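Before anything else, here is the set of structures, which you'll find just below.
Next come two complexes built around chain A: one with chain B, the other with chain C.
== the complex of A and B ==
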């Protein structure tokens, strides 16, 4: 058998290749982004760029017509609206699918989760087509109903509405599956006991169902809020940010870099968002860990 | 009238009244579910209709699911048309997704094993770093990646994409496989160790064969990630010959000329999406448990 010292080295032998690659391909670019955010890298200074201190951060936080705050606020509102609609629809569908006497449950469930199975960039592009002003099915439907066509993809308000519809379509299946799984794990005797006591459906939902599915629902909601906050595909592919008017944080960072070629400014913005996400992630880890210890 | 019946019905839960109530409730449930099912599959049905519609999409305002004049020409054109690069894009996508999967599995499996079975200095720190990196969307570092790829002269190459994707998938692979290795009972390996087997032998002869399903699912995820990625791909490639399928489809849809390109996009996106959807439905269980594993604990 090998010596003790040699055995101690084994894990490093196994992990080093992956760790080296991870440091070069993942961690180095993060630090490089931070470095770029302190330079003047842009279209004119792509090869020769210099350190300029906090200028980019000052510009992001104090000028640009408050775009930073508008985009962050919009992203938060976007996240909240999406979550409220998603959770309500998902919960409703899960409750319906959980009715004992219901037939064809399997096939209905499969059809309902189909949106989840479509690659999200394809979904976004399909929705973009459906919301097309002249040829999209949505406006065709509206005009058949005698209503006027809506500029879905060119007006900021309708652009956000269209994006929310597409995103809800995309995201409901995951939440529905989580709700359904949680509902199915509830013991039936609780409801039977409640029935004997003469509880209404309303009471049963708020005093039995909700408390019992909360442990499964809360982490899923947190996970989804992160995903929604970081959403890129829908907004970018459908509206392309409309020059900052429908941008959320991710698309804003991307467009600042690759539409206006302001690489260092985009990096400064990204670094700020990165730290916001980092803070929220650590907070979430702390809270869930505290939960586990109890 | 009916409202009155409802109000008192839970007090008189017997006989035909209760049955009628049940019936109404069930029918309502079916109606609502049917409405949402229509909403869920409408975009997919619509893209299918577009892909087989022979008449000019610009002029039809019909809402028929089955178009009056059907054709498979759009499929023929996207696959074999004179301007079609479909098979080139397919080849590029397979190369990029395949190489990403191979590299991240090769590096990730061994590392995941060490993180699961050994306690060594730096382990905890690294695991915490993984957790944070998992939350980090690498689009936020896209400028840095772009600069690195440009400096290395890898713009418009598939290698450039593989480099970026492997970084993204590596963390996921390690995390996912470590979770699986943790569930394998250590006793078998212990017995082998006592019999004098080396760690390498235990890893290759016992752990890897036992983990085949988990490795397959992880590989599938990595492959899908590369297969579906378009943000880095569209940013780092400008040459049509280097496009992956997502970028190709996106360019079709983005090129204007809605009448000509939209049916092509519809046909192409179905060709790309249907295999993904089948894999998804087959892997449903592991996908769902994988996604909720960390969260429901």
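== the complex of A and C ==
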């Protein structure tokens, strides 16, 4: 038998390859960009750059005008709307797929997961085509139904709506799979017991299903809220910011900082966005935890 | 159990090893050997174009003994950026002229003033040489250029309009029954440049200061607003070319890259210069991208590298590029060649190039695309007052440029 100490070390040994990968691909870049944000690395100081302290942060924060806060607010609204729609649709679909008597479950599940498998920029471009004012299928269908055409990609409000539709379509499969997995893990004896007690479907959903799938759902929601908050390709490719009127944090940062090849300033910007996200996550976790105790 | 563990271990080791193997294979420029020099060139041409260039260089190597090695690089501009910092660069790079300002400041490429025979540059179109001149110094040898011109469907419009007034009138007349008179991607700074530079306004001055609020730009905006009223909504590049290829658009402004698709659809097309601006009688002047060869800071044998550059503008290379890649050569002599003289497409694009504006090579241009595109969006698509919009984005552009430092 191996000694206790050796046994304790084995897990670390096994995780070493993954740790090396994580270090090279995740941890090192994060710390490097934090380091860069304190230097003056840009086009004009490319080969020789040095530490300049908090100058970049001061520049970013002082140059942030009302526009930036509007963008942050818009991003939060965008994230919330997306999450609400995503979770409700995903839950609905998962509940339907979870019906025992349902036939062709496999095919339906595969079809519903499909959007997830398509690279998001391709989906974005396809949706852009479909939302086109005069030649897109959506407006053609609308006018066939006798409704007026909607300026999807020209008006900021509709541009946002179009982006949300495309993003929901992209993100629902992931949420649906999480919901479905959680639903399938619920022991059906609970429902049988509830039936004996005379519970309605409504009761069963809110008092059995919801509490039991919450542990699985919360991490998925937090994860998705990150992805949605940081969403870039959908908005950028579909509306291209519509002159700044549909910009979210990432597209704003891209246009503001990244097109200038000023790496130190962009890094400072990214670090600030990182802290905004961190704050929102802590808030999110607090809220969901508080919810749990009720 | 044990087998499983060893297997898992092995697999993870293989995965980790795979990670490093990707890093090890970087294409380091091969250093010149002791006796015969080898010059390495990074480029992003297609393989068949590379082959043609290499064949053209065979005679060069025979004459001079200088070997030239062409290495295709994906994402060449990123590699150049990283390479300038770590000094891992080839001797030469082939790329567009708007790299000049940026990479010379970053220390990636160096001036070739005094290394290039003046006879060579005299044989090239002046506007293309200008494209590689930055702060009065020559930074590269132009080989080819591309620009946009007026492409029209002869079945829908017999003769191309000569002035913008005619263009607007024709566009109005022909936009009906699901067909369009004139199309251009409305928010693209490159495609719309012809009118701004024709109006003698423009995006940037020679020192890299934004000039969006210059009064002349309002004249260009007037023309674009008139034309913009006739565009379908949500117009973009794909839609412009699709409508033209479907025979639903009489005229568009586009580049040589579209001709293949147009021929395939058997559209009876013609090329003409973009109509001259009616208000000042001057030629429309679209942006012209120039492709050429530049010397990096890592070039050891500068004389040999300069010779390789000079040959890149040579007729042999120019012909190879024109034939295999459909490029428009910068070498003036090429246009005396009967084969090229009889190709109306090449002649039309070279005519347009004579009045074109070489793409600004100042690094500030990189920060301009976004403000210009937003300004065009508000003026042409959302139909807001141009003077206010230009003032707004003049400030945005100034801010963006300030952020570069």
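Assume the second predicted complex is superposed on the first by the 197 of 294 C-alpha atoms of A that agree within 3 Å, B and C clash if a C-alpha of one lies under 4 Å from a C-alpha of the other, contacts with A are read in each partner's own complex, and residues count from 1 in each chain.
We take it that a contact is a pair of C-beta atoms (placed from the backbone, for glycine too) under 8 Å apart; a residue touches a chain by one contact, two chains touch by 3 or more.
For clarity, every value in this text was computed on a predicted model and none was experimentally measured.
Participant: For A:8, is the partner it touches chain B (first), chain C (second), both, or none of the two (neither)?
Facilitator: Only chain B is touched by A:8; chain C is not.
Participant: Who wins on chain A residues touched, chain B or chain C?
Facilitator: B
Participant: Contact-wise, after the overlay, does A:17 reach chain B, chain C, both or neither (first, second, both, neither)?
Facilitator: A:17: touches chain B and chain C.
Participant: In the overlaid three-chain picture, which partner chain does A:131 touch, first (chain B) or second (chain C), both, or neither?
Facilitator: Touch status of A:131: second partner only.
Participant: Now for A:259: first (chain B), second (chain C), both, or neither, which partner does it touch?
Facilitator: In the superposition, A:259 touches chain C alone.
Participant: Under the stated touch criterion, which partner chain does A:120 make contact with: chain B (first), chain C (second), both, or neither?
Facilitator: The first partner, chain B, only.
Participant: Between chain B (first) and chain C (second), which, if any, makes contact with A:29: first, second, both or neither?
Facilitator: first
Participant: By the touch definition at the top of the document, which applies to A:44: first (chain B), second (chain C), both, or neither?
Facilitator: second
Participant: Find the residues of chain A that appear in the contact set with chain B and again in the contact set with chain C.
Facilitator: Common to the two interfaces on chain A: residues 14, 17-18, 21, 24, 129, 132, 134-135, 257.
Participant: Over in the complex, which chain A residues touch chain B? Could you list them?
Facilitator: Residues 1, 8, 10-12, 14-15, 17-19, 21-22, 24-27, 29-30, 32-33, 36, 41, 89, 92-93, 96-97, 99, 101-102, 108, 110-123, 125-130, 132, 134-135, 137, 140-141, 143-144, 169, 172-174, 177-178, 181, 198, 200, 215-216, 219-220, 222-223, 226, 230, 232, 236-237, 250, 253-254, 257-258, 263-264, 266-267, 270-271, 273-274, 277-278, 281-282, 285, 292.
Participant: Which residues, counting only chain C, touch chain A once they are in their complex?
Facilitator: Listed in rising order, the residues are 8-9, 12-13, 15-16, 19, 81, 84-85, 102, 105-107, 187, 232-234, 238-239, 363, 366-367, 369-370, 373-374, 377-378, 381-382, 399-401, 403-405.
Participant: Could you list, by residue number, the parts of chain A that touch chain C in their complex?
Facilitator: Residues 14, 16-18, 20-21, 24, 42-44, 46-47, 63, 129, 131-136, 151-154, 240-244, 255-257, 259-262, 265.
Participant: In their shared complex, at which residues does chain B touch chain A?
Facilitator: Where chain B meets chain A, its residues are 10-11, 22, 25-26, 29-30, 32-33, 36-37, 39-44, 46-47, 50, 57-58, 61, 63, 107-108, 110-111, 113-115, 118, 120, 123, 126, 129, 131-133, 135-148, 163-164, 166-168, 170-171, 174, 196, 199, 227-228, 230-231, 235, 246, 249-250, 253, 258, 262, 265-266, 269, 272-273, 276-277, 280-281, 284, 288, 291-292, 294-297.
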